[in-house]
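In this document, chain identifiers A, B, C and D correspond to the written order of the chains, with residue numbering beginning at 1 in each.
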Amino acid sequence: MFIFNAQLRVRYADTDQMGYVYYGNYGAYYEVARVESLRNLGYAYKDLEAQGIMMPVLENHSRFLKPAKYDELLRIEVTLKQPPSVRIKFYYRIFNEQDQLIHTGETLLAFVKVNTGKPCRPPEILLKLLSPFFDEA
Amino acid sequence: MFIFNAQLRVRYADTDQMGYVYYGNYGAYYEVARVESLRNLGYAYKDLEAQGIMMPVLENHSRFLKPAKYDELLRIEVTLKQPPSVRIKFYYRIFNEQDQLIHTGETLLAFVKVNTGKPCRPPEILLKLLSPFFDEA
Amino acid sequence: MFIFNAQLRVRYADTDQMGYVYYGNYGAYYEVARVESLRNLGYAYKDLEAQGIMMPVLENHSRFLKPAKYDELLRIEVTLKQPPSVRIKFYYRIFNEQDQLIHTGETLLAFVKVNTGKPCRPPEILLKLLSPFFDEA
Amino acid sequence: MFIFNAQLRVRYADTDQMGYVYYGNYGAYYEVARVESLRNLGYAYKDLEAQGIMMPVLENHSRFLKPAKYDELLRIEVTLKQPPSVRIKFYYRIFNEQDQLIHTGETLLAFVKVNTGKPCRPPEILLKLLSPFFDEA
């Protein structure tokens, strides 16, 4: 299992007139968290696209438990429960400054070749970097 | 069952460098579709908030079947399968200009009193406007 | 002079916790208005990019006179005061439902070849479509 | 003169199909930079609203010199050239990872009482925190 905690400050731009983070902005929050989790591992998503692979989102599920508010410094816990295959599933749990769980979500993404649009295996380097987290006895 | 078809033009602002609509923008697309469906019925979401009721999103689920692209005029079919109670669930199916189904989603919202934050019943007028679509013999 | 009036409904996603349209969203509003003005003339911006030309924004200026609010159906008046050369300048005036002028802006864009990144002349068709509006005696 | 340098990572959500940061997103970038500049000074914008004062934007001007790209860690230099009165003007200069100046901008904001909508003086604490930067002999 691979776990990473990202931090993200709520912007004024993210709020709506309810005074909460607009529900449509969590997708961008997830993106920040998963990209930072990979960067922390030593892998830049940018390099993936430079290699001709992109990662479109196939499925997304979000549960809004409590509102996130302006200027809060959120903690976004990202988890991979399985090593990636042609697909990769990220789990998110978001905590507010009082460390209350306010949100959970999952995003399923695919590895796809930019030129053919066909699914492909993740880059070897990424698999290698992640393997210590999924090693079995 | 209540069904409505909304139209929405993809903006340049909505695209990302993959050349597709960024996955996080579908929440705003759903919002446009459900607000227009209620307006078509004779009900303005704005009036709901003026009455001291708001509708936060509790849960959201999205499946990205094919990408939506810049300038496409999308058709978003909104469906209510059940009359609203303290909660209301909207189903969405998005079709591109070739009338291909490119996306499906569901959003569960609650009716909540602005001053107390407590769940409440939907306004009578809304129930009345929707009742013909759910009448049983 | 070329003038076009576009309509745009304020989305919940566009508001912030002040209860107004977030100031950063006017750029996307301008985009909708200028793209619709060209479409109305018979020209799709999409075709420009298909021809290998893009139109990056060079400069933007905005004056916020009164706030725009949720669900308002805004009228965005787009004006070209000069025919386009390697640059094109759009002027915007935004009116609310009470027909009050709430916002003015200008955006200067360039015509640029996608493959070289070099400035270029606008497509002939666009110049032809616009010429009746700038004909001199 | 008060100067602060903020850092901001370009999100995938911020890009458009040109592969650049969409021009409409710089408003949110400015917001991050000015809020962080005040926080660094010891002042939270959030506290301002808690005191019944808000800061709507009156005017905005942006010059796009070079594109910002995905995943770049931008440096946003924020400058106040004058101490705030009922208005405050922020100047921005954005640098990419190669330390090239890619963007300049200015934003004029007002201090306004939330309940009356009337302009007001900035909070004393903010004036005090800023005064060392504008002291004259």
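FYI, contacts are C-beta pairs under 8 Å (C-beta built on N, C-alpha and C of every residue); 3 or more make two chains touch, one makes a residue touch a chain.
Keep in mind it's a predicted model, so treat the numbers as computed, not measured.
Interface comparison, A-B versus B-D: the higher number of contacting C-beta pairs is recorded for A-B.
Put simply, the chain farthest from chain D by mean CA position is B. Averaged Cα coordinates give chain B a centre that lies 34 Å from the centre of chain D.
Chain A and chain B have CA centres that are 25 Å apart.
Chain contacts: chain B has residues 12-13, 17-18, 22, 24, 27-28, 31, 70 touching two or more partner chains.
Contacts from chain A toward chain D in the complex involve residues 9, 11-13, 27-28, 31-32, 35, 44-46, 70-71.
Chain contact summary for the complex, chain B toward chain A: residues 17-18, 20, 22-28, 31, 49, 54, 56-64, 67.
Within the complex formed with chain D, the chain B residues making contact are 12-13, 15-19, 22, 24, 70.
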